[in-house]
Amino acid sequence: MISQVHLTRLKLYKDKRIKHYSDLGISIRSMASKTQVGFVGLGNMGNPMAKNLIKHGYPVIASDVFPESCKELQELGAQILDSPADVADKADRIITMLPSSPNVIDVYTGPNGILKKVKKGSLLIDSSTIDPAVSKDMAVAAEKLGAVFMDAPVSGGVGAATSGKLTFMVGGPEEEFNAAKELLSCMGANVVYCGQVGTGQAAKICNNMLLAIGMIGTAETMNLGIRLGLDPKLLAKILNMSSGRCWSSDTYNPVPGVMEGVPSANNYQGGFGTTLMAKDLGLAQYTATNTKTPVPLGSLAHQIYRMMCARGYASKDFSSVFQFLREEEGQ
Amino acid sequence: MISQVHLTRLKLYKDKRIKHYSDLGISIRSMASKTQVGFVGLGNMGNPMAKNLIKHGYPVIASDVFPESCKELQELGAQILDSPADVADKADRIITMLPSSPNVIDVYTGPNGILKKVKKGSLLIDSSTIDPAVSKDMAVAAEKLGAVFMDAPVSGGVGAATSGKLTFMVGGPEEEFNAAKELLSCMGANVVYCGQVGTGQAAKICNNMLLAIGMIGTAETMNLGIRLGLDPKLLAKILNMSSGRCWSSDTYNPVPGVMEGVPSANNYQGGFGTTLMAKDLGLAQYTATNTKTPVPLGSLAHQIYRMMCARGYASKDFSSVFQFLREEEGQ
Amino acid sequence: MISQVHLTRLKLYKDKRIKHYSDLGISIRSMASKTQVGFVGLGNMGNPMAKNLIKHGYPVIASDVFPESCKELQELGAQILDSPADVADKADRIITMLPSSPNVIDVYTGPNGILKKVKKGSLLIDSSTIDPAVSKDMAVAAEKLGAVFMDAPVSGGVGAATSGKLTFMVGGPEEEFNAAKELLSCMGANVVYCGQVGTGQAAKICNNMLLAIGMIGTAETMNLGIRLGLDPKLLAKILNMSSGRCWSSDTYNPVPGVMEGVPSANNYQGGFGTTLMAKDLGLAQYTATNTKTPVPLGSLAHQIYRMMCARGYASKDFSSVFQFLREEEGQ
Amino acid sequence: MISQVHLTRLKLYKDKRIKHYSDLGISIRSMASKTQVGFVGLGNMGNPMAKNLIKHGYPVIASDVFPESCKELQELGAQILDSPADVADKADRIITMLPSSPNVIDVYTGPNGILKKVKKGSLLIDSSTIDPAVSKDMAVAAEKLGAVFMDAPVSGGVGAATSGKLTFMVGGPEEEFNAAKELLSCMGANVVYCGQVGTGQAAKICNNMLLAIGMIGTAETMNLGIRLGLDPKLLAKILNMSSGRCWSSDTYNPVPGVMEGVPSANNYQGGFGTTLMAKDLGLAQYTATNTKTPVPLGSLAHQIYRMMCARGYASKDFSSVFQFLREEEGQ
């Protein structure tokens, strides 16, 4: 079903585009995509993402609470404004990339937030990883003002953001998906439609919860096998041809010496930090509690990553759980 | 290093074979393989396994505590004897397939056990799933009598046993592996060498522990995603192209309607029963305790399957954990 | 340190009281306590609590979203108003008793909320069990308007509320504690000061988390002992004279036949429902996640009560976990 | 029901005693108790226990695999023999105190074991903490030889052993309990009859499992409360007057500064070591698996103590789990 907001928005888009480009004999679609795009949140992830938009020819209007974060982008030609509200005043397509739910609430609904000056028909895409309930709230608030809010959290780290190889999991009205995909494709290799607003977050949270379970499971299984006399490489090979196989065993094995080019081969440097995993598992736990869903292993995985943060593993890759579980010498 | 026992055994084999076949101009290897093979334990698994040996031309000498279990095999030409000791008296290659550690101890070291009459140089292959420490004990006891004991537990159920598609994970002296493989290949599609005696058990236990973790993790993740508004098929697709991917999500999905031809599509009938999984997890728990290995998720998985057995899921496929975790009221 | 708000409030109180009562030769303290008290939230708990206030001679001004909840109180002489704001307009001491955090936020900060018309110097006491962070937010909002907010969640159910035997755990400015205690003593047998605002909630959450852990632990321990051949009464006696002793083993034993007058002696009817325990554990989980505190057993206890809700135990007493863990016949 | 073995034994006892003492006009009971007592296993616990027997006037005949362990006792007048069999040859009441199940099996049924030379009517009391199934096996083996085996594990450490304040939990034929109690009372303050053989072990295992759960629960609850702003002493006080109360919160609080005279007040030195707790939890896990009893919290407690052993807490008191769970960074 196409919502009233969407119809209004479609009409506005069409009118504007026709007015601008129709008598130039240029494809509305391709030209339209080159109108300016707002970007709020220029952190480790947002910065390379915004650069990729510029690289694809989009004029970018950006804002960040830390002015120094904007310098690099400014040098590339981006226009830097004081607040999200100001960005919304100038751009009708805005992407946000923020650390957590409270930041998203503030950037959208705060005193200088996007919704203060959002134009009717605007498309607002939030790539932060947050509580899906907050995504839904933002969507409702945006809809009241005639705008569309979509959640589009990413899978992949700073490397994938830089090389434009992120995966976007997108939630929101299906009829808006193509408009979102146009922009997101500049920054990612995969753009997956997940369903109504909030399901992008849900998909990401679910994936990371299962990832954490698989990783800890792989770590304790490999450790047990080694203790029982199995060669780790051989054990990994056997698991990977059997029903124990998972991404953590065959692509990102946590045992040093089993694979190359993964954090376990480099003292657990780089990769996806334990703190970040603990944050995502906290989000999974929170949504599970709110929906009264039993998640026994997800919950224990959360606790183990919490304990690891408390024992000095906060900044190591999350596969360092193998090291955490291994008995020390002399015991 | 080749053990003294092995050298003795090799010599005996060779002498015997040369005496029998050398002047016939026949390949010792292929003919040798057609000497009789002992088989102890003709249960749901042992029966079809022994049949496959007969099918491949091996004369089988069998024994089981339940005489009626032997009938079918007898009709196929197998010779049925009263006790494991009697089998050992006639055959120098014996395969055992028994329910648990105490049975194995009894069949090998009991008053009518194999070791009472085992011949020097015999090859004893145990395909039961048991405590690897028991496998090691049996190997030591066999070695004292000049015989070789190998553990070779299987992956795959009655179906795979019938069609000869089992996977064998083999532990024991490497120089005996080919001799074992010759027989095991008649009953399985994969025969994997895992290392010293007991590592076959270790590999199986490890695989099944990680499998259980992956299955429960997949079940709770899918359930959470559905509660958060995701379509189960779409969620499975997203997980399977992401880092949450595992065998339970992409090959044996526990959510009805996501895949065909799996137990979840058939009310969790068939497949691998919850009781059997609980048994294997108990074994994993036991070996982990003995080796002082922390296995937090494996341990919780064990408890969950224990609770399921207590709540009426004993005979359902282990993927029914999805059903167990799903809320009843209002569904 | 006494805050500015408090000083203002103290002065207002004093002025008002002197003006009203000083020349009557009556103790300001005891008379002051008989001015009207507001009460918002007349549910299962709020209703008997408000009655106890009336019983102690306090004129009550009440409000509830469901008008029918107010009838009984109205017959006892309470004045019923349309909204929390109206209550705040008439009473400068208000008690609230609501189901969850969002209700508290709405009743205090909503369009018809208490803070819309709260008077300077008012004392606002919230007895709901909610997230301590919300309590803190309410306190900050109240302080801006010159009022004092305290959290005072209760321990004890409808029975204790009716008989005036609740325990109140109170958080807020220490210098306000006596004023709060004056009212709370009419409804409870124990009024404990816990520290700054939010610590009342914290104390309650902590107690209930440890209670849940102790209860499940007692249930699984008793079950294991029985399986190992111990008489349940004897086992309880041994535990209670040893280091395994806890409230769940010596006061509220979950095994039928061990104690009288507890829910386990009455098919787990009455007592503290599994749903309510799951709610409190969800709150514990939430605050633990927010403060990055590892709570491995608390977290697993939460999951077990979640699973129980999903398996038909929602309305049974939380000690029914013993029944949940016990194996069914025929397994 | 009095077993045949017991009747035989009673008769032998009676005959012997009458022959020796009846015409001396001395109470059979008190004199009988002064005949020699065997003791096998003179480790940290066994040594002070045997000394207390000597202190009470019993001639002790002892044996240990490490001759140096016997010196001290020898100086006190004990007779030291080479093997358990030799001890059984001379004494018809024997106490054993050994580290684990395999040691018990060896000391009783090994080539130089007690049962090789045990006399009819002997009373064999094992105070080791072991698998109750092994206790039952020993009892069956002893019964075949006309002897009685009882399990009597202790609660209390080296201090209690030295001061004779141990608690004994005794399993075995009820009609033998008084005879056992006569000896055990010399070494302990409490001697509790638990039921058939193995139930002494069961009671000890159950108590320690619930103790571990209560301790970890208390540690995580106290930690959460502190993070939420509660004073630890106040929180302990609140818990101890509420339903969260347990031995670990009111008698052995794990938070430094809350109580005096407990390991948490002394950097977790002394007390009951994490390794020992992990061993007992392993035993609990093992018996739970064998009896198919779900013990979710007991199992997780086991894993946590395993992880602690792996992270450097092996020799600290088991209440150091508070320290283990507390976050390092920023503390």
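Chains here go by letter, A, B, C and D, matching the order in which they are written, and residues are numbered from 1 within each.
What we mean here is this: a residue touches a chain if its C-beta (ideal position, glycine included) is under 8 Å from a C-beta of that chain, and two chains touch if they have at least 3 such contacts.
As the structure is a prediction and not an experimental result, all values here were calculated from the model.
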Determine which of the two chain pairs, A-B or B-D, is joined by the larger number of C-beta pairs in contact.
-> A-B
Greatest Cα-centroid separation from chain B: which chain?
-> C
Cα centroid separation, chain A vs chain D, in Å, comes to 56
Chain-centre distance (mean CA atoms) for chain A and chain B, in whole Å, is 43
How many angstrom between the C-alpha centroids of chain D and chain B?
-> 39
Multi-partner residues of chain A (at least 2 other chains) | 292-296, 300, 304, 307, 309-310, 325, 327, 331
Could you please specify the touching residues of chain C with respect to chain A in the complex?
-> 278, 282, 285-286, 289, 292-296, 299-300, 302-304, 306-307, 309-310
Residue numbers on chain A that touch chain D, as the complex places them = 300, 307, 309-312, 314, 324-328, 331
Would you tell me which residues of chain C are touching chain D in their complex?
-> 132, 155, 167, 169, 190, 192, 194-196, 198-199, 201-203, 205-211, 213-214, 216-218, 220-225, 227-231, 234-235, 238-239, 241-249, 251-252, 284, 287-288, 291-298, 300-301, 304, 325, 327, 331
